[in-house]
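Same chain, two partners: subunit A is paired with subunit B first, then with subunit C.
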Partner chain A sequence: MSELVLQSLYAGLLAGGYYALIALGLTLIFGTMKVINLAHGEMVLLAAYIAYTAESVYGINPVLAIPLAVAAVVLTSVMVYGLVSRIRQDRELNSLILTFGIGIVLTNFVLMVWSADIRSTNVPWFNEPVVIGEAFYSTSAQVLFFLAGLGLTAALWWWLGRSWYGRALRAVASNRNAAMLMGVNPRTTEVISFVIAGLLAGIAGVALYTVAVIHPDLGHNLTIKAFVITVLAGLGSIPGVLVGAMLIGVAEYMTITLASSALQELTGMVMFLLVLFIRPSGLFGSRGRVG
Partner chain B sequence: MTFRSRSLACTAAAALALLLSAGPGSATDFAIGSQIAMSGALARVGMATNEGVTVAVEMFNRAHQGRHSVKLTSIDDESNPAKAVSAIERMAPDVQAFSGGYGSNIIGPASETAERAGKVYMTSGGVASELVKRGLTNFFRINNGEGYSRALVGLFGDLDIKSVAILHSTKDATQEVAHQVEDGLVGRGVKVSTHAFDPAISDFKPVLHKVKVLDEPDAIVMIGYENDYVGILRAARVMQPKVKLISGVWSLATGKMANDFPELMQNVVGTSTLPYPVAFTDPEAQEFAKVYKELYKKAPDYLGVFGYVQTKLLLDAMLRADEAGTLKQPGGIAAELRRTATETLIGPVRFDERGDNPEFTHRMGQHQGKQVVLVWPEKAATGPVKFPATPW
Partner chain C sequence: MLEVDKLRAGYGAINILWDLSLTIREGQTTVIVGPNGAGKTTLLRAIMGLIKASRGDIRLNGRTTANRATWDIVHDGVIMIPEGRLVFRDMTVEDNLMMGAFPRHCRKGAKQNLAQVYDLFPRLAERRHQAAGSLSGGEAQMVAMGRGLMEEPKVVLIDEPSLGLAPVVVDEIFRIIARLKREGRTIVLVEQNTHRALAVADHVYLMRSGQVALSEPASAVNLDRLHDLYFAAEAAGA
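Moving on to the complex of A and B:
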């Protein structure tokens, strides 16, 4: 039994890194603009389908297709910002409806362009077993994108805390008018946050394509997963995303091992509700905090 | 003959023609509706089934050109039961029957709505046994869960498999088929362990790890959908449990899976109506494949075959009802369907009093190289089964 538990811990941590990758973009926009981008999962999915096209039509390795996927998703993300920024009243609430609608449009766009068939990479390397000490099993893609998740979380944390634009972003999130008085252009910083979120979603999409199986209906599930992690982490807390994602990953995998795989998704939701009940601001959240 | 008498004669002839055309056996414009998932979670299977429905209509129109025609109205139910009910309500006034639907949870309310409208609802997309226990007089289906479990249990019996781990999705239909397979295997003295999984799960390694360490079965049975199969097989390649065979049910032993995931599918067994590459021998099947290719530029898959068969049987019954003058009478089409007893592309079909097809037993196919070889039952087999054999 200990063999199963150890493997669950390992697999849960790996899954956490990959979940964090999916959630980072949503967290960034939620933290800086208080906008919950309900089309985030669909943007991740769009990147996944671009990686699929690159592989199946042009024979390009999905990892090498990252620039293409990122470019497409960044463009989409900026267009989403263009629409969100036109909201004049109750932006937090109305943006929910707007981005939900954009998500539906993107899902149907994917359906029309790529059909409803399931897709996943056929590059053997991504699904090669990585076995450590005959006890820890994973695939190459899982290890690669776990490391990518860790690296991008650290990079985003550093960028928000150390770079001028990162600080400007936090200033706008904290007090938009005060930031303007200090010479920060809020629109530029908001566009930048959507660009970074698009970049992260693009990489997450390629990870998704190599780690799992994609189909047009998947975007909604990804958004929910990212949203649960974001709330669990606390408003805009970047390290919190990583910790929250790993907690969810480990809890899900332990549930499979110790109880039933049928309860895996339920575990994440129970954790989400518990954290909301005990710490409404999230595990690492404090009012207005970013980064 | 004067102008007046010529006019009278022409009028009489026109009236006679009108009278004749209104009688039984004359040209009739049939109308059927298809409520089916073309978006949402069931879009892939819904669209593939709808292709078969469309081909059946096209073939009917070609065969009865100048005499009868069928108008097909299709509405996307978005994989949503409420939208399916709405689609049936919208189409009911303008159609004589329905052919479509995918997913037992969607077909259930949709067929009840059709029943209230007094219209026949014919499907192949719902295998849950509850569907035929509701006492509906206008509900018909050509396949059922028992047909899938009979095939799996039959093959495992022939291979003398002693222990099985069943991995099944928690959706209604998959859960029910899993229970039927479990009952069938336990009844034959096979040791069975089951692992239900959430439809949203994508990494099956922890489940396979439990199978490998705790269950140690001879064979694994997957009862889910395409994305589940790919996830389970990938996990199995990593965990490499010591099994002799990996098998499953629908959407597994198909040309699509053979083409899209050739490495992963090697030696995997699943229910299959057709070998791949598709080889049709009888003239009707060849015509079906020809029209399918004309319309969709590809070879038919098993969902298309099911969609075709259900619609063809419905249209044949409507034609017979029309000839008998009962097409527009309540229960006219249903009565003709109950008289159906025929050989089809999926095997024999007849309908019992509940609208179910008790004759339905699936065939089993195995991925061998880039082909799907029918391996069970013996009379339908196109090659021998490779056993023991795993994808790795």
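Moving on to the complex of A and C:
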């Protein structure tokens, strides 16, 4: 029994790295612009389907299709910003309706192009077992994208904290006029943050395709998962995303092991509610912080 | 160097500046005094392009800044040190200061300038990792000043640096302004504390209800007459 618990702890942590990958883009946009991109999950899904096409039609390994998936999703992300930036008033609220609509359009686009069938990767390497210490079982894809999640979280944290444009982005979030007085064009920094969110969503999509199975109406589930992790983390906290994602991952796998896999999604939601009750600003949140 | 020509500007339907004209000469310290609501801050905001002129023109070295964005004006070397409340509250002191070096031509000297700012304001060095929002009013003003120094400005617009601060801090702030003046930078200082401001001024403007009420070289200013004009304006405005 304790072996099973340890195994689900391990699997949960691995899943956390990959969940963080899905949530990072949403957290970045939310933390810096107070815009919740409800089309985020659909953007991840779009990348997953591009990886599927690369594999099934052209025989390209999904990992090698990352540049293509990223390019497509970055383009989509910039188009989303193009629309969001046209909102004249109450951007925080109106962008919800706008991005929700974009999500529906994207879902139907995916449905039209790729049909409603369930897809998953046929490249055997991704499903090869990786066994650590004779006790912990996982697949290559899980380990690969766990590491990718860790690496990209760290990279994003560094970028926001230390780079010129990362710092400028936080400055724009903190005080738009004062940032302009420092020579910052707020639109440039916001486009950059949407480009980075697109890049992260693109990689997350390929991860999704190789780790799990995909179908066209998965998009909003992904958005909800990313949103729950973002809130759990404390709005805008990047290291919090990793911790929040791992908590969700572990809780889900523990639920599967100890109770039933039917309750998997419920656990995440219950944790979400508990955090909202006990610590409304999230695990790492203080009011309005970014970074 | 900087010319404001019959400028009319304000916020939406409310007009503040009424055909205001003034000239800022290179290397000089120009002090603008005037009662609350005279439009001093509005003038600085208009020069920085944060609000657009509805009529008139602002020229920098003979070139109009009318269609230029705030960040372009900053890249041309004209910067504004806003009052201390406009620091980035949820960023650390050091991040605030480093934001000053954002314009491309300032980045190379950023490390050196940062060390210099910490030299000038040792208190900021102590609090470098603290959120700027947790600082006292005086410390926040120091952050705003330090951030401005990081921008390596040619023209510095300073908005009420002594507002609501303890006399010791005001001394410190004016020491920095005197230093900027010695370095040969062009300074526009908006200040309520006329006595302190006159000590560093080359030229003085008195603003009243969005217009220039008095323009004199600092040496010719009679403080009593200035105060009479200053308070008369307040009485007339009430």
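As a working rule, the second predicted complex is superposed on the first by the 291 of 291 C-alpha atoms of A that agree within 3 Å, B and C clash if a C-alpha of one lies under 4 Å from a C-alpha of the other, contacts with A are read in each partner's own complex, and residues count from 1 in each chain.
As a convention for this text, a contact is a pair of C-beta atoms (placed from the backbone, for glycine too) under 8 Å apart; a residue touches a chain by one contact, two chains touch by 3 or more.
Here the structure is a predicted model, which means the values were calculated and not measured.
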Which superposed partner A:E3 touches (first subunit B, second subunit C, both, neither): first
First (subunit B), second (subunit C), both or neither touched by A:S85: neither
Touching partner for A:L181 - first (subunit B), second (subunit C), both, neither: second
First, second, both or neither for A:W164, with subunit B first and subunit C second: second
Touching partner for A:S281 - first (subunit B), second (subunit C), both, neither: neither
Intersection of subunit A interface sets (partners subunit B, subunit C): none
For the subunit B and subunit A complex, residues of the former touching the latter: 39-41, 43-44, 46-47, 79, 170, 195-198, 200-207, 209-210, 213-214, 226-227, 230-231, 234, 237-239, 256, 260-263
In the complex with subunit B, residue positions of subunit A that touch it: 3-4, 7-8, 11, 15, 107-108, 111, 115-120, 122, 124, 127, 129, 131, 137-139, 142, 211-213, 215-217, 221, 253, 256-257, 260-266
Of subunit C, residues touching subunit A in the complex: 48, 50, 69-71, 74-75, 79-80, 82, 86-91, 95, 98-100, 102-103, 107, 147, 151
Touching residues on subunit A, where the partner in the complex is subunit C: 164, 167-168, 170-171, 174-175, 177-185, 288-290
